[in-house]
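Pasting the structures here.
Heads up, the next two complexes both have chain A, just with different partners, chain B and then chain C.
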Partner chain A sequence: MKAFNYSPEHLTSNRQLFWIAAVLGVIMMAPVAWIIGLSLKDNAELLRGTEAVFSFPYTLLNYANILESSSVFGWFMNSMIVAVGQTVGVLLLSSLAGYAFARLEFPFRKTLFIIVLFGLAVPEQAVIIARHQMFNWFDLHNTHIGLILPNLSSAFGVFLMTQFFRAIPKEIDEAAMLDNASTFRIFWKVLLPLTLPAQATLGIFTFLQAWNDYWWPLISATKSDMYTLTIGIASSQTNFAQSEGLGFLGAQAVFASLPVVIVYIFFQRHIVTAVSGGAVK
Partner chain B sequence: MAESYRRSRWTNGLFVVPYLSVFLTLLVFPLGWGIWLSLNKVDLFGGERFIGLKNYARVLSDPIFGQAVKNTLIFVGVSVPTLVILGLFLALALNKTSKGSSFLRGLFFASSILSVTIVTLIWRIVFIPNDGLMSLIFEFFGWQPIGFLSTTGWSLFSVGVATVWWCIGLPMMLFLAALQQIPKDLYEAAALDNASRWRVLTRITLPSIKSTIMLVAIIQVVMQFQLFGQAQLMTNGGPAGSSRPIVMYIYEVGFLRWDIGLGAAASQILFLIILCAAMLQYWVSTRKEEVDA
Partner chain C sequence: MSASISIKNITKRYDSVTVLDDINLHIEDGEFVVFLGPSGCGKSTLLRMIAGLESITEGSIDIGEKRIDTLPPGQRGVAMVFQSYALYPHMTTRQNMAFGLENVKVAQDEIDRRVNDAAKILEIDHLLDRKPGRLSGGQRQRVAIGRAIVKEPKAFLFDEPLSNLDAALRGRTRLELAQLHQRLGSTMIFVTHDQVEAMTLADRIVIMHNQKIEQIGTPMEIYQYPASRFVAEFVGSPPMSMLPINSIENTPDGVTVEVSGAGKVVTAIVLPPEFNATNAVIGIRAEDTAVVAAEEDGLDLTIKVIERLGDRTLLYGILIDGTDLIVEDSGRSKVKAGDTVRVSISPQAAHIFDGDGLAYHSQMEV
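== the complex of A and B ==
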């Protein structure tokens, strides 16, 4: 009776499909391997022909050059400050608001929540010109705070944290209430520790978004010492391949993606949850 | 005691004040202000003059905007089906618990976490004439090399290749999540009937994830309509504007030519398009919940 050792997986996928996917995976990785290869080659050798990638010798010179170039390191620090600042800000604002929306009663709670949800549908393009003017009024361009602030308004975090607070059993806060704990105490001491996995998910997601942000830093950070790494890499692309050499450009790409790749390797599950959860809901 | 916790009190609202103030100043206000700007002739050094819908008329009659809309529509029309079909294929192929599948899932999603500048840097180096990986491959097969980024017709295509490479992870993951939701007994029944794989796919799998396919398509439409960085960095919209998308038009008008009223009008038009798609997404996802329930 063949039918009884069925497996649902066998009916939807099979070996051939897997191998086609594996070949696609190799094609997917080819550009990355190419860049890593270039980054390990001497620029002068590459000028004579990029086929040199496939043969020895390899060198770490391009990476050493990055670490010596003060501007790349400065951009890296800017990116760190902005990404960490945004992550902390989003976690704080979203947790406070998410707790209140999920657990407390106050006037206009439902209306306010619906208005916040509408915020999810507003794309950056619709507000960016006006925001740019506003930041001009307050002289916030080319400052870290000016780079951090705009994305704190994102409704996604509030939405996600509200969902997470709702998922915590009500008995837990009720038990705390019997101890006469204040609302803030219940939030801070009892419930917040329970949302740690959610904080991790939202935090990693926010960090990646901030690290990779392009539009806003492009128009707000116009002085090169205020560039984030994303903008800095973009600016060195404009005189592409002429002055710096392909090996150096490749090394820049690898260096700039290291932090997100490391975050990805360690927190893959959280990232996938945040990204797909956010898209479906 | 529990009663007082649940009672409505305005002090409870203090928890939402920090977020709401940021929300109002940095999202709601600029949204309104942007609409106001789109109705004004804006002087760079301050001062607006109300001119009604003239900016909108100017945008809509600008041939460059028309070209940008056309480019964006072509781009969305080609990249979205590619992402949906490829994402669905990968999800079907990798919907297993084996180590190999899990590795490949991680690999296909990995590109999504890179920033647009890294993605374009990688692909520009791949597409360089003569020395790029593409040229080497073309040479290897004895084909005539193409200036991918500098040829009309190829430039937008090349931007599309980089975009699909960058964005394929999300559709795949959403489809995988949907495949996990299909009740196992449907497959049991099919196994008892000795149904062929193709029949299982077309009669069970695809109908079961119909709403997810819709959802993924709409999410991608919303995302790809906002194409900007890839085009700006890879081709700078060229040659002859043949790869300039709507957002890049807004960027050029608003931040390079400083024609703020015009840029604001163009961005409101884009917002309207995206809003329609987002409404559709909301409608589909609420309907999905009804079906699931």
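== the complex of A and C ==
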């Protein structure tokens, strides 16, 4: 890392940079602060005017109402099941596929890998009608499986894991072969633990993407008890904002963001390396 | 529990490219054999074929009485130490060493006993709970050897295991490997392109060149009686000097050859009548030459470069016709670059190589 330069000219330019960053930070954080403020205010007070956000008293009543509201808690659980299910599934399938593409010899390996890569270029919108139709045939709409299945085949995940497995020296496999380990044991006990950085990157991205996913749940989950949080909150905004109040809506939004925030806090290091492209080393 | 290894008519091809061509070799039980050769000669491929990491196009490999080339690597009874050590980075030293034994369901107390014994032999018992990332190169190398020892294999295979070590550590580890071989008495095959490693470690050296075995012999046989011009130039430091032969005069005691424009060299070599003199050369090692007084018989050499090695001095010079010749002089040599000196050659120590590179040696004991 480059050492900080304390010369007056650099200090001035760094100060300017600081102020630009500070202004951008405020712009980005303002809606978040606004929502948190709303969530801490009484709904009746907010009906008189939202400027009430800037004055006391504040209350946690809206959060207490969430815990009592079966629908919000149900949506939260739906989101959690879908996000965790997708994350576990993607990690498992991408690791197995990545290992196979990187290490095993089988017919049409290169062709299949190109087909997988092609999947990166196909937008979800292009297949959504066909997918909707298929899920309809198999009666998978309004089920957790129906919400999890479509994103299990992650072209990005397979590509990432393949590249990571390829980066592991083949001599490690060979040493394990000489140690009389079976192919599965080499995968499970020797190579898979070495891919933990890639697993972390892929896991975080998959979880966040699944948690924030809006479009497929909007199509597949039409019954309110199968809503995920994103769909549930959106429907509250349009249907119940007046009856249940802005404060309650704000509390729902904050509640919905909590898992994402927690993931960021605990996996910050992995997210930074993933975004900076240095994850696969 | 070591065993002999028999390699019979082994050929390896990748599509139309032949990497090894009809290799035959028998390694005795408990022997330390070194595969020596330049990069790309096929020595590592041959080792990997014994280990089961490369398939065999033709031929067979037996360990003891059992044919093993049809078995998977883990069931051949061999252990291998890789150039990069190939330790499992996420496992501790103890786990690295125990992994192979766990795979064949050895009882836990037996695993502990073997790991502790090997660690004691290799003096790594204080490193058993460290992961490879926290070990030095030399320590990793010991762990890799320890991982091989605990398996109590029929043969140890070493694929250039010293090349990642610095010079001092390489010398020390070489010595330790020799001691380990004495202690275990196991069959060991060691691949290297470093002739010092080969000369110091081997019971026998297998010189490989152009996908074939060029010569098999003890280190001194290889050094004193190289089978070909390639072996003569590859083994020995400095390499053997090769002087083009102008004419050959046969006598019952040996031939006298005239080195182009530089004089005559008397040898104790008897050449067969069918000897092909076209492109023939005479080979001389530096230690078989001497700087002599100007009035004595010999070749005139103009010195270009001097290497002082303390106990001896190497003089790199050229003869009148421009041929290079390396001469050894005493450590206190007064010769300077630019001097022209007279050089004599020991008749018993000269070698003649015909146009095909085939060697002819003196019949007298060197």
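Keep in mind that, in the parts below, the second predicted complex is superposed on the first by the 256 of 281 C-alpha atoms of A that agree within 3 Å, B and C clash if a C-alpha of one lies under 4 Å from a C-alpha of the other, contacts with A are read in each partner's own complex, and residues count from 1 in each chain.
Note that in this section a residue touches a chain if its C-beta (ideal position, glycine included) is under 8 Å from a C-beta of that chain, and two chains touch if they have at least 3 such contacts.
All of these numbers come straight from a predicted model, not from anything done at the bench.
With both structures placed on chain A, which of the two partners, chain B or chain C, ends up touching more residues of chain A?
The partner making contact with more of chain A's residues is B.
Pick one for A:V190: touches chain B only (first), chain C only (second), both, or neither.
second
If we overlay the two complexes on their shared chain A, which of chain B and chain C does A:P169 touch? Say first, second, both or neither.
It touches chain C, and chain B stays clear.
Classify the contacts of A:M177 with the two partner chains as first (chain B alone), second (chain C alone), both, or neither.
Both partners, chain B and chain C.
According to the stated criteria, A:T111 is in contact with first (chain B), second (chain C), both, or neither; which is it?
Neither partner.
Is A:S153 touching anything from chain B or chain C once the two structures are fitted on A? First, second, both or neither.
Touch status of A:S153: first partner only.
Of the residues on chain A, which ones does chain B touch that chain C also touches?
Common interface on chain A, chain B vs chain C: 174, 177-178, 180.
For chain B, which residues are in contact with chain A within the complex?
Residue positions touching the partner: 1-2, 5-13, 15-16, 18-20, 22-23, 25-31, 33-34, 37, 89-90, 92-97, 100-101, 104, 106-118, 120-126, 128, 131-133, 136, 165, 168-170, 173-174, 177, 179, 182, 184, 187-188, 190-192, 194-195, 197, 200-201, 205, 215, 219, 222, 226, 228-229, 233, 247, 250-251, 254-255, 260, 263-264, 267-268, 270-271, 274-275, 278-279, 285.
Touching chain C in the complex: which residues of chain A?
That would be residues 169, 171-172, 174-182, 185, 189-190, 193-194 of chain A.
Note which residues of chain C are touching chain A in the complex, please.
51-53, 72-75, 78-80, 82, 84, 86-90, 99-100, 103-104, 147, 151
Considering the complex alone, what residue numbers of chain A touch chain B?
Residues of chain A touching chain B: 2-3, 6, 8-9, 11-14, 17-18, 20-22, 24-25, 28-32, 34-35, 38, 46, 49-51, 92-94, 96-97, 99-101, 104-109, 112, 116, 119-134, 149-150, 152-153, 155, 158, 173-174, 177-178, 180, 183, 186-187, 208, 211-215, 219, 229-231, 233-234, 237, 240-241, 246, 249-250, 252-253, 256-257, 260-261, 263-264, 268, 271-272, 275-276, 279-281.
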